Amino acid sequence: MNPDGPLSPHPPVAGRVLDAQLHLLDRQVLDADGVPVTTADDIEIDGLEAGVPIPPGAPAPSLTALLTGPVLGTRIFGGRPPSSRLIRILWKDVADVGIVISLGVRGGSLDADWVERWVRDKIIARIPGGRHDPR
Amino acid sequence: MKKLLGLALGVLTAIGGFVDIGDLVTNAVVGSRFGLSLVWVVLVGVVGICLFANMSGRVAAASGRATFEVIRERLGARAGLANLGASFFINLMTVTAELGGIALALQLASSVQYLLWIPVAVVAVWIVIWRVRFAIMENVAGLLGLCLVVFAVALFLLKPDWANLAGQALAPAVPGSETGAGYWYYAVALFGAAMTPYEVFFFSSGAVEEGWSVKDLGQARSNVLVGFPLGGLLSVSIAACAAVVLLPAGVAVTSLSQVVLPVAEGGGKLALAFVIVGILAATFGAALETTLSSGYTLAQFFGWSWGKFRRPVQAARFHLSMILCLVVGVGVLATGVDPVLVTEYSVVFSAIALPLTYLPVLIVANDPQYMGHHVNKRPVNVLAMIYLVIILAASVAAIPLMIITGAGS
Amino acid sequence: MILGDVLGTPVHDGDGNRLGRVADARFVIDGAPGQLMAGARLFGLVVSPHSAASFLGYERTGLTQPWPLARILRWRHRGSFLVQWHDIAMIGPDSVALRADFTRYDPALPKRAGGG
Amino acid sequence: MTGPCLLGLAGCLLLAGCGSGGQETLSKAVKDAGSAVATARLALDLESSGQLTSAAATTALGDMVKDVNSSRTTVQDLSPDTPESRGARQASLDVLNGCVTGILTAQEAVDSTDGSPAASDAERMLAASARDLDELSTRLGAG
């Protein structure tokens, strides 16, 4: 399969291995009640400065947050939103990563849900029957 | 007994739900111009939609993920967005066509200008989406859509030359009055009408709406495998009616009012009443499905909360986006554009976009991470790869054919 | 920094030769235990010489169906490799530089790791 | 991939080539009008024999008027450059006008409560239009 001959597998690691593209990016994020919150549009890494040489033995950067909001647009069309406009879902709130990313908190408490809340409160809740349970 | 009833219900709704304005118009146009020489395309299309609807249903049941979540996850943000753009645009076109179809059917019943019926149609569609339970919505529209069986009844009453019809179907040839390019253009259109992607979006999202688990797969499979072919038979009888009455008279179908003439000739006013109710139910049901599909695709791409099983306030952006889609559809129709023309374009554009939907579904249906041990079996994969080639060919050929034939005119 | 800025960036070895582009970033969940999941640290980058796009998941899993789709997609990522964090000299805005003595590892995911 | 693209290109050129010549447009307009007149006769016949509701018949006839009118517009928009093509255009317009009149009369017959105009009169007009269209298409085909 590999023209340069088979490569050896990387040294074994103690924890679970996640590839960002394969397991995190573009996955559906569900809150603690199983309600969709958003999609993981990008990932924030802490402890890494672009263009600054990494001294040997430096500790590995860590994944601090999943990002959503305007960052989707810039990921597709290029550019970069200012750091203040990033909407973060902190890694510490993530409960599990499977075919979806499950959070341990409820959507109502997250910044990522503000558009949904706005549309709900300003538009949908004001239409008669908006709170009607279809079941 | 209850299980048998459920099965019957599922099959019946699948039959009634198979036909929409695209199938009605395209089959009648084809029947009136090419006789039954394109029946094989309906056959190919029906097998294809059975294959992929079944596959997307299996993905949804095994993983709980609907088709567009899977598309975004597999294709990534950029290709996923391009896919969303194309799928959403075609969906919107189909919503417009179906709304127009409802209005045209009401005009047939009342002779009141169809433009006046459009507000009625759109409000009715919205109220059902806003209030009515998913299962009730599906079953009522599907069952009333069964009235379209009158096309098959009318065909018998017309006492056609069966040998001649069979000859047209079994030894396809381009009629002298038509060109080869026109023949293949309508082959692509028929294929697109049978395999419209919204059916897969809707089918897989519906599986999530109704909370299917792997246990329900058997029933889902029989619904599809029995219901869709019978729906395809309905499509063929629409074409056959047109081939028996309109083709010899030199009528090429350009409007919905022509589609029902053979039924009236075969079965009189009673049959006409049935066919109008059937068209109304079929277009209304399809308008619901396509509007919901617009909401589903958007919500699943962006990760919004969605579903009719939730209260509207719990899926606010989903409901808002559907309202906006309906508003856009009405806006397009208000310009006076011919709904039948919109329909004809929508099925061809559907054909163009087919690979975008079906490729990711096929890939995920093979991924044990999603599917566990419900991954595709080998024969399914072989068939699916053959279909992928057909789908690609239809997709690539669609635009050149459209240019050569001046969109089939 | 944002991962989106790193993905797709050209990768160069110690001598400045171009090796490919960053196709993915691998994390290992073995950090300090949090309330729900342990911290995730950057383990390394997956470099692909031919295509920067992560292609539908075929490159690092044992997926072989449906043929020939799986073969084509796998072929697009032939020659890709994993470099570990300690072999990376700098992650810049336009390029990733590796240390002179970096090691290429098989990018395949360890069996039964990740996923659901 | 290249095959269909080339075909498409050839199609464009073909269309562009035909753009100025009105022959194609006239033939198509006549063919479409023929379909509309045949529909109108069928609808009228079914309505007279009580198989079609008047609402559906009126709708069909209305649709056909629209069809012929749009054909007429495309013919009107032609700018013929030879005396023969001017003549062909004028002849086509006359026949198309006849078709519209016939279909409108059929619609009036369907809608009327006092039997005037009679369906039989409308049918006669439509039959005449159908004959005219046939002649015209033979002439255009030969010319």
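Read from first to last, the chains carry the letters A, B, C and D; within each, the first residue is number 1.
Note that in this section a contact is a pair of C-beta atoms (placed from the backbone, for glycine too) under 8 Å apart; a residue touches a chain by one contact, two chains touch by 3 or more.
Values in this document were obtained by computation on a predicted structure and should not be read as measured data.
Listing every chain that touches chain A and chain B alike gives C. When the C-beta contacts at B-D and at B-C are tallied, the pair with the greater total is B-D. Each chain's centre was taken as the mean of its CA atoms, and the one lying most distant from chain D is C.
Computed from the mean C-alpha positions, the centre of chain A lies at a distance of 61 Å from the centre of chain D.
One simple way to say how far apart two chains are is to compare their mean CA positions; for chain C and chain D this gives 66 Å. One finds 31 Å separating the Cα centroids of chain B and chain D. In terms of their C-alpha centroids, the spacing between chain B and chain C amounts to 42 Å.
Residue positions of chain A touching 2 or more other chains, listed in rising order: 21, 25, 75, 99.
In chain D, no residue touches two or more other chains. Contacts with at least two other chains are made by residues 54, 57, 61, 115-116 of chain C. If you sketch which chains touch which, the pattern fits none of the simple shapes: not an open path, not a single ring, not a star, and not all-to-all.
Interchain contacts (touch definition given at top) occur between A-B, A-C, B-C, B-D. Against chain B, the residues of chain D that register as touching in their complex are 1, 4-5, 7-8, 10-12, 14-15, 28, 31-32, 34-35, 38-39, 41-43, 46, 50-56, 58-60, 62-64, 67.
Of all residues in chain A, those touching chain B in their complex are 21, 25-29, 35-39, 41, 68, 72, 75-76, 99-100, 107, 115-117, 119-120, 123-125, 127, 129-135.
Interface residues of chain A facing chain C in the complex, by the touch rule stated above, are 1-4, 6-23, 25, 42-45, 48-54, 56-57, 59-63, 67, 71, 74-75, 80, 86, 91-99, 104. For chain B in complex with chain C, the residues that touch the partner chain are 74-76, 360, 362-363, 366-370, 375-376, 378, 381-382, 384-385, 388.
Chain B makes touch with chain D in their complex at residues 107-111, 181, 245-246, 249-252, 254-255, 257-258, 260-261, 264-265, 268-269, 272, 276, 396-397, 399-401, 403-406, 409.
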